[in-house]
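Below you'll find a set of structures to go through.
You will see two complexes here that share chain A, one where it goes with chain B and one where it goes with chain C.
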Partner chain A sequence: MNSFTSRLNSLFAFTLSVMAALTFGCFLTTVFNDNLRPVELSVGKVSVKNVPDYSADRDKSDLGFITFDLFTDLSPIFNWNVKQLFLYLTAEYETKDHTLNQVVLWDKIIERGDNTILDLRKANTKYYFWDYGNGLKGNQNVTLTLSWNVIPNAGTLPKVRGFGSHKIVFPEQYTAGRF
Partner chain B sequence: MGALDFLDDVRRMNKRQLYYQVLNFGMIVSSALMIWKGLMVVTGSESPIVVVLSGSMEPAFHRGDLLLLTNYKEEPIRVGEIVVFKIEGRDIPIVHRVLKVHEKVDGKIKFLTKGDNNSVDDRGLYAKGQLWLEKKDVVGRAKAYLPYAGIVTILMNDYPKFKYAILAFLGIFVLTHRE
Partner chain C sequence: MNYIESLLPESIKSIPTHMDFDGQRRAERYFQVIIVLYAIVGFVWGYATQSFSQTLYILFAGVFLSSVLTLVPWKMYRSQPLQWQPARVEQDSATPSPPAVTGNPGSQSKSKKKKIKE
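After this line comes the complex of A and B, so read on.
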């Protein structure tokens, strides 16, 4: 029972169980964090056009354009069990056909060591704001929020909506021609 | 002493011991199956644990990382969530993030996904003519993450000979090893 392979085997098994226990402990220390932070959001220019959506069914759909300002400090979220934050800016609204629409307009990955203070002015969206149909024109209640998905070194993947939102009011008229 | 030691072991066993070893082997296989099926019941997902097979979600998930999934019917699918879905005509499920959600009054949902590391959304990956995913396509939603734990699966997929070697070795070990 004292052969080289049996010693190697027990060493490997012991290393594995110690690492498993440490990982689990690391997960336990951070699992109850709420990861909530305040976010300041506002929008600049808002307009809407009605053009064929060639990325989808080619029907004429509403396409919104916004620029946004964003300020938030996410440094307190980072602890020893946070590898990365995935931030995403969501527009949420209701239309005649759909009770709930959620469209991600912008996203950003913040890795450990990156700058955690975000201060964006007049930023453009990263993705097109296509509605499924014609529900953006004159829509008075489009809520803009910033959320993040916390990616740990090991553990759960909480999805947190930042504290603070902004309501976008779309104009009653389509913008003609180019933006 | 040598590689054929185990044959000696088998020769020295009597019938009773041989049966015991075979039963023991069956016990291991069936408990693994029971744990897997039990997890399926608890999580509601047809595949409660998946190994990340591609780099499309980097830097959050790398090849060989392990994800724990749930798929509760009453839990709605929302933007920012990491879902695992199947596409018709493709065997391997895909792990990507939800980018857009449109939900009708009756709860019918259409959503679009994108990999964090990809520059475009997944419409090019879907079946021909498919623009949206629906609830029936979802295998599960990622709830917890464990790095590296599935690396053996990746090795076995990449090198099939390694897989057979491991299976043969484990089989022989379990059948011949006497406690």
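After this line comes the complex of A and C, so read on.
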């Protein structure tokens, strides 16, 4: 403390310690949030084709096509410790070979300040709904759910499954032609 | 650095830039109190507005204020200078000093003499 530089050093170090304490306090105020929100999901058109998967083994596999409606208001999740949300729509179903199959069909990043009310009508999926075989045709129990990662300023990275899902019933027949 | 200092005119060199011991203690206490106060206010305000950047801006305002107040060696940090003992008058410089008993006659013997005087 006897010279300008030693005072600058101790002031700077003290400031950093206080910033660390503030950040930890910010984390403590949000650590018990469950980040859970209701999600309304439904599907419009549902069809399934049997086409060669050239990205995998070139064998004919089931490829599902759906359009979906989604409504949710995620604004209560945002607080001073949330930078952005990473949303992803997954389909979960059971096949003969595997008890749990999960396919991500769509995703979206909502940053702080973006519109937090999602209202999608007849939306197309962003990613192909491929099955590793023939598990989609006639599948009566394919569950659509919306989940999200909460990306914070400081703290944990919670992965939350939205409250509410929708069951897709795939037709017993393959669709021929383009769609 | 020392070379540059030797080039400065006497009017600039004579500006006092030190803090006394009590001033150093107070300077450290001042910036700690100011920064913590601004941090608390910033935390409350940031929580109220749900914006952590507001918290940091308020903290930085406190850092700037305490930098101006305590980094610069203001005159108020020189208000309690050390009270040195008055210089000892040499009794008779003609007599040679007695041979040193201890190995180091420098500072050690001096401090011994001081104690005797006290």
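Convention: the second predicted complex is superposed on the first by the 178 of 179 C-alpha atoms of A that agree within 3 Å, B and C clash if a C-alpha of one lies under 4 Å from a C-alpha of the other, contacts with A are read in each partner's own complex, and residues count from 1 in each chain.
Here, contacts are C-beta pairs under 8 Å (C-beta built on N, C-alpha and C of every residue); 3 or more make two chains touch, one makes a residue touch a chain.
As the structure is a computational prediction, the values presented were derived from the model and not from experiment.
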Chain B and chain C placed together on chain A: clash or fit? fit
From chain A, separation angle of chain B and chain C (C-alpha centres, steps of 10 degrees): 40
Which of chain B and chain C A:F4 touches, first, second, both or neither: second
Partner touching more residues of chain A, whether chain B or chain C: B
Touching partner for A:E111 - first (chain B), second (chain C), both, neither: first
Partner chain(s) touched by A:N153 [first = chain B, second = chain C, both, neither]: both
Contacts of A:S55 with chain B and chain C, given as first, second, both or neither: first
Which of chain B and chain C A:E172 touches, first, second, both or neither: neither
Which superposed partner A:Q102 touches (first chain B, second chain C, both, neither): first
Overlay on shared chain A, then closest C-alpha pair between chain B and chain C (Å): 8
Chain B/chain C common contact set on chain A: 23, 153
Chain C residues within the chain A interface of the complex: 17-19, 24-25, 27-28, 31-32, 35-36, 39, 42-43, 46-47, 49-52, 55-56, 59, 63, 66-67, 70-73
Contact set on chain A toward chain B in their complex: 23, 55-57, 83-84, 86, 88, 90, 97-104, 109, 111, 127, 132, 147, 149, 151-157, 159
Touch list for chain B against partner chain A, complex: 59-61, 78-82, 97, 99-105, 110, 116, 123, 131, 142-147
Chain A residues touching chain C - in the complex, by the definition given at the top: 1-2, 4, 7-8, 10-11, 14-15, 18-19, 21-23, 25-26, 29, 78-81, 153
